[in-house]
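Two complexes are shown next, each including chain A; its partner changes from chain B in the first to chain C in the second.
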Partner chain A sequence: MRQGNQFDATTQLRLSPFFERTSKLNESQEWRRWSGYLSATNYELNHENEYFAIRTKAALLDITPLYKYIIEGSDSQRFLNKLVTRNINICKVRQVMYTPWCDENGKVIDDGTVQRLSENKFRITSAEPNLGWLEHNSLGMDLTITDDSSTTAALALQGPNSRSILNAVASDSLDKLKFFWMMDTNLGDMPVSISRTGYTGDLGYEIWMNPKDALSVWDLLIEKGKSYGITPTGLQALDISRIEAGLILLDVDYISSRHALIESRKSSPFELGLGWSVKMKKDDFIGKRALEKELKDGPEWKFVGIEIQWDELEKHYRQAGLAPGLPSTAWRTSTPLYNGSEQIGYATSGAWSPILKRYIALAHIKTEYSKEGTMLDFELKIEHFRKLTPAKIVSTPFFDPERKRSCPA
Partner chain B sequence: MSRIDRYDAIVIGGGHNGLTAAAYLARAGKKVLVLERRHVLGGAAVTEEIFPGFKFSVCSYVVSLMKPNVMRELMLPKFGLELLPLESTFTPLDDDYLMRTADCDQTYREIARHSKKDAEAYQRFGPLMGQIGMAVRPILETIAPNALRPSLSDLFATKKLLDHFKTLSKEQFEYLTKLMTMSSADFLDEWFEFGPLKSTMSASGIIGTFMGPRSPGSAYVMLHHYMGDIDGAFRAWGFQRGGTGEVSMAIARSAEHFGATIMTEASVDNVIVKNGRAIGVALDNGDEYRSDMVISGLDPKLSFLKMVDEKELPSDFVRSIKNFRIRGSSGKVNLALDGLPDFTCLPGEGHHHRGAISISPNFDYLENAYDDAKYGNFSQKPFMDIILPSVLDPEMAPPGKHVMSCFVQYAPYDLKGGWNDDKREAFGDAVVNALARYAPNIKDIILHRQVLTPADLEKTFGLTEGNIFHGELTIQQLFSLRPAVKWADYTTPIKNYFQCGSGTHPGGGITGSPGEMAAKKILGIY
Partner chain C sequence: MAKYDIIIVGSGINSLVAASVLGKAGKKVLILEARDKIGGLASTNEFAPGFKCNVIHDTVKWIDPRVSRDLQIESQGLEFIDLDVKRIALGSNSNEHILFHKDPLTTSDSIAKHSNKDAERWIDFTKHIDRLSNFLEQLYQLTPPELPNIGLMDALSMRSLLGPILKQGSRGLVDLARTAPMMMPEFMDEWFENELLRSALSTAGINGLSYGPYAAATGYNFLHQHLHSKGIIHNSSIIRGGTGNFPEILKQTLQSNNVEVRTNSKVVSINVKNNAYESVSIHDGEMIISDQIISGVDPKNTFINLVGAPNLDPNFHTQIRNIKYRGSTARIHFALSEIPEIQGIADEQMNTVFSICPSMEKLEKASDAVKYGHISNEPYVEFSIPTTINSDFAPQGKHVLSASVQYAPYRLRDCEWDSNSKEQLKQNTIQVLEKKIPGLSKLIETSVVYSPKDIENEFGLTEGNLNHGEMTLDQLLFMRPTASSSQYKTPIENLYLCGPGTHPGGGLHGANGFNSAKKIMEKT
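Take a look at the complex of A and B:
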């Protein structure tokens, strides 16, 4: 940066096409990096209002930093079916599937959604760059892979009022759009695709558009959404809601097998609670043989939800003369879990859920201790000293409102 | 035609405490019946669509003191409890304002604008009140012991409290004593100098109480409002999504989940007492229900002076209940608005609409408002605690429209000449005028106005004299004295007749606490 210049992030980090608006709305000027983009941590001085927008109103999030690839050609279905663990052969046009994908050893590389845009055209989203991996595995196939990361801008509109807002601005009704399906429509005169997907576990949509329309779409949503409580929302609020929804995050809850320096850092889909997404009956896919073996032997680890028990937690704090110290934001510090004196796992992210009034976390647990209802000990630091406090293995999603899947009659 | 059904327990009144008691008893396997006079559940914690498309938290309007263990044990989040943060308190003044938020830097800077000394003191004040809250918490969670003839468990509880008090710091003890005895104005004068800050903070010392900020005892009421915590943060106030009625509904759903039967439009006429023992209730319509016990969620006046015959009760007890102070001091004005109020001192839409708005510019304003009431008039310039629920939860009003909840003091129950329609409207006018002083556009945006005088609160919600706490929270009617000495442990002089309303320990507000502790006491007996 030259002396005398005002601080300017453009030369350092990428700016989303929404930045012109988000930067002015961000009262806290707190930003995080997300895939090399500057992304709002929270817009207000704290994230509370944004969190409740997700759960009770409508939250608007800039999700442009997601990596996106377009796969087009007569072999695209065959290719994706080989790449990911879900069965893409049954994915209909305008359907969306969430899926992980693995390396040859059955260890997860990344996870994201596959959108079937037409018979021979798909979009796949990912947390990390995957172009090399995609190209490497498509050699000799009749298809083209295009990096769509900066050619498509995206917004997430999440929360119980999201449908009402979109119905107020879209040229088509969203009443019939089912969970994990998508449609093309116009917002004003801007063509967009809307998928009923999201990372919050609530009723919500993701809107895919040409970056040149980004600001107009943003303005339209903010204007028409105002009376429905639309709220620009940052990553801190999102983090709590994705934990409540039991959704994993790459580099927090697991490490991509391509970056893991040692074998023990890698995880199979079975070890990440994604066993449901591994379709063993379908044709060969990358990692299938290793996963077959793992399925036979049983995975070493399981990924579970835990609930830190309130009464004992409160007791610990009372002994220290304090009110229960609950985390106000989601944490991402690996936290040991014990059975007696033996460490049997670790929690990778956790949060106090304001909507559930429960202290929850996502954790890796050795399979033998992973049964629902099992009690274990969670390590807690109170006034610099470590304590153990009981936690219970519970089912996820922790929060799963009916509206997430339901359609108006 | 009359019918007779049999239950283990009958709860009179489907207010939030009655429902809480019912849920706990049902959870313990009891066959429970709740009888509510009105067509809606919730008592004073009720949401009603008074004007088409606009939902009002008609009476009680914020939640803070709801006990965390009640939420957990009754699984209330699962049944619809959703508390949204009320993040600020905004005090409009004629040419300036004071705004306190959850962010301490922002609040420091804002108070420092008026007084640097206060801004610093404020940073010490909050944590201290939190500590006092911690110190008082065990009292609130103890079933009040019988002070005259303590049982073994009473002695045990008393010892535990004494042990607890030995652990208090000198500072905690000093301030606790002051809070128990002083006026909120005197107490705050020791800390702060900026008038609007002091008067706004003192306002929680007069809410629901027939006292002014300079009346001794008002500091305790302030403390009572400080003891709430949400998610471990003391003094956090919340707004229930869908209005306070949804808190009651969540408790009702929980009670039904555990097997309780809830009937609305089932007005109880009296408790059937035979040989000094409650054996059931008789309804206005002649129906009778029998049960092993009857639990009243009504206020002490109704529980003992209406539901049972005085001759069934010891005369000293009757006298205590007659002397129990339950003077109504407040009214409620609910407005359906076409837009947001625009404050002269802070024009436009902003964060200040998302929190509490307090019309409390200085002590004299509040004291003058009280003076009006002392002599039998409603305040010409009333104190108001206002929220805009539709800003927090847009579903409370049609898109772009708003609802405004104004808690108003003072409105004496014993108004000179009595309340009538004209007086009610005049009271409503005084409220709107007081608002218009700070937000002149208010008069143009009112679509509907609901005015509730203390007489209306009494008639609609069964709150004697319109007192929102089922009896004032003054020291002579707290803990072992609430509602009467010897009968503060939810029992009554009539065998198998219990009480669980806000007129019992630890008192008013949406806490669920009296209902919970009454049920636990009952379950300890049976």
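Take a look at the complex of A and C:
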């Protein structure tokens, strides 16, 4: 927790409890800021190995910078049900729900997961600080809200081998832990909670622990995971895999309604492809009335996956006398999409998917052009000149392996 | 099917007016009052054996003419005493008092003792006030438009404002726009030089506020006190038998229209589901259903305490929490062994309202106390002796002196509103009174102090603010109580407001209740 504003010339980024290990492993010394923490961009000079760890072995990511809040008390279920768009009343103990939450105009403020730790205790994670919003909306309710951001450390272990590694170190088997459920167990003698969640769209887990156990848990996983190819992984690789999984990122794919300077920068859940998470049949929740209206009128925008067509892309480069130029990392610059001469949308993040061998992107499209299979024109720059090349609207997730949800028979 | 069409929470003048109007229109109405009698701030109480007082208001500044006309309160037996002397500003010497007469020429004579120049300007001033209040009179009968989305209907409903514009010219509107945000000293600078006159007029500008005369929009508050005054400055009338007769007369209308009134029935929650009103619960656990509900209690009580914060949208919740209340007016009633003597005041003038305020600077200094959470050392005191009109207010030969005292802030810095602080307030008040009524202390048999805290406890007014929210520029018209709830309807479906916390603010005029009832009938 931050103690007031103590920013001065010596202020540095915060260090996660895993930093003692991650800093030594980070060969590239490339770091990003993530919620005020120093967070590894890549550990190796190139992120490719880390990316393939996510998809073919096991990747270990420090996700401590996530904002985390504990909601505890007899009104906690009622409170969360009012706050978020998912139906928390049906969330069972040890179940996890991904959900966005909105302001009263039905525009998304943030998104994250709600973990039901016990009957009257929840943890909610978010990309941005939300304590003020939580407290504001809990007035008059019997509950306490605690900022858990620095009192719980977290690791993500993602990839096809992740279950085997955990089975090798945990005192309980993870074979029965279903997608979006969690369990308490011990890794060695360290008590942890493990949720079957992640941001990669692969088989994967997130491990929640007391920061004092952080280094021991890390060491244990690295040691026992070695033979399974466990690989410390940075944000670069994660970004590609989350695009393949069709997962949105705050401040990249959408802007929190709290920071949007103008109305048109805000998005409703329907406009972010999160319509499935809005439960209109449940009791009143923040933004419900606005969303009811939007549903009736139909949302103006849709959020879709697009695939930039290879043949034409290659042709453009050939004309310039070049081999096809592909982004080596995920990009985040807003890129116009056209139908004829009319701009009808924009892509907000994209990447060359090494596993799919497809050039993919996530995009906001005006509803009328958002049907799957629709061909659009994607703007790209070749040798300083703008070109249009065809892209097709496809379904997301782009990559959706069966192992993500399945349990061993 | 619900037994009642409409439940009304509280039984102040506005609630009673709304109930009467709706009852007359054939609605099944139930009033729920927490106290053992109706009337709210228009109550008359026995405060000591044999001594009665008008707890809050000794006079009625103005009544919405639609209330007098449609509810025929006078033919039902309500008698307004229209005194010739409306108010006396006590001067430092017995021959220096300024008498505000009903007749402006006589007032002008009284002013001439101090300043011929001011006396000459007096008639023009009264006309000016009449002109400006004329705009407000029209405005006060309207439901404020829903900004920023003003619709054609809103625009059309405001056509009644054209009347005064045509009559006064657009100059009148410009004058109003200038005067409303003004502070009293600057407003007075444009008219008068004599300090006693300037401060005596300024007392109307600070009525019920927690600010002094040097605060913005005290000009507006001055006008608010002068609606329907026809330019009679400090206009007010007194109700024969006590202010408490006003609600009693309205009760007769209620009874003849089958409106049910339940006293000793404290509403503890307004039950809401999916943003729509469903029922009310009263203190003994009973739940009553109606199609609609009107709350006459203040916005904070209505939304935070009765509806409950968890049922409010976050934005609206913030707006409601941010309403300023800050009650700073106290009432003190003294039981006197005989009628006090005020030098230079004739016996027949003893029934009017007196103000003690030698200068605007003193008023402002008194108001400084609010900033620091203190009780004014030298408070502004205005008082009347209701026994001079209603002899039954006290045993034979004895009297009651009722004082309104500013400033006694709800929030005290270093102490609570306990017997000590109330005693201090009383002593400060007596000191001020003694200067004009030497020997008053010896006449006092007993007394009762209503601090803002007591007013909150007794009448359920948040922070004891008599207007259900400060009458400041940002809390007026379409912003009262909040921009999203200024049309008497609220974000909660079927929950309406009718108290002084709505447009056009506080006073015993009933305009809020009338407007609110009208709005509901439009809807159904």
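Everything below uses one rule, namely that the second predicted complex is superposed on the first by the 398 of 409 C-alpha atoms of A that agree within 3 Å, B and C clash if a C-alpha of one lies under 4 Å from a C-alpha of the other, contacts with A are read in each partner's own complex, and residues count from 1 in each chain.
We adopt the following convention: a contact is a pair of C-beta atoms (placed from the backbone, for glycine too) under 8 Å apart; a residue touches a chain by one contact, two chains touch by 3 or more.
Just so it is clear, the model here is predicted, and its values are computed rather than measured.
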Notebook entry, point to check: Overlaying the two complexes on chain A, which is it for chain B and chain C: clash or fit?
Noted result: fit
Margin query: Just to be sure I read the superposition right, which of the two partners does A:R78 touch: chain B = first, chain C = second, or both, or neither?
Written below: second
Next item on the list: Give the label of whichever partner, chain B or chain C, reaches more residues of chain A.
Entry: B
Notebook entry, point to check: Touch check for A:T56: first (chain B), second (chain C), both, or neither?
Noted result: first
Notebook entry, point to check: In the superposed arrangement, which partner chain does A:M141 touch: chain B (first), chain C (second), both, or neither?
Noted result: second
Next item on the list: Mind working out whether A:W310 is in touch with chain B, chain C, both or neither, as first, second, both or neither?
Entry: first
Next item on the list: Pick one for A:N167: touches chain B only (first), chain C only (second), both, or neither.
Entry: neither
Note to self: For A:Q343 in the superposed arrangement: first (chain B), second (chain C), both or neither?
What the structure shows: neither
Notebook entry, point to check: Least CA distance chain B-chain C after superposition, rounded to whole Å?
Noted result: 47
Item checked: Touching residues (chain side chain C, partner chain A) in the complex -> 273-275, 304, 308-311, 313-318
Next item on the list: Using the touch rule from the top, collect the residues of chain A that touch chain C in their complex.
Entry: 75, 78-79, 82, 103-104, 133, 136-141, 283-284, 286, 288-289
Next item on the list: Over in the complex, which chain B residues touch chain A? Could you list them?
Entry: 68-69, 71-72, 76-77, 81-85, 87, 101-103, 105-106, 130, 133-134, 229, 231-234, 241, 354, 392-395, 399-400
Next item on the list: In the complex, go through chain A and note every residue touching chain B.
Entry: 45-46, 48-49, 52, 55-57, 161, 226-229, 310-311, 321-326, 352, 354-358
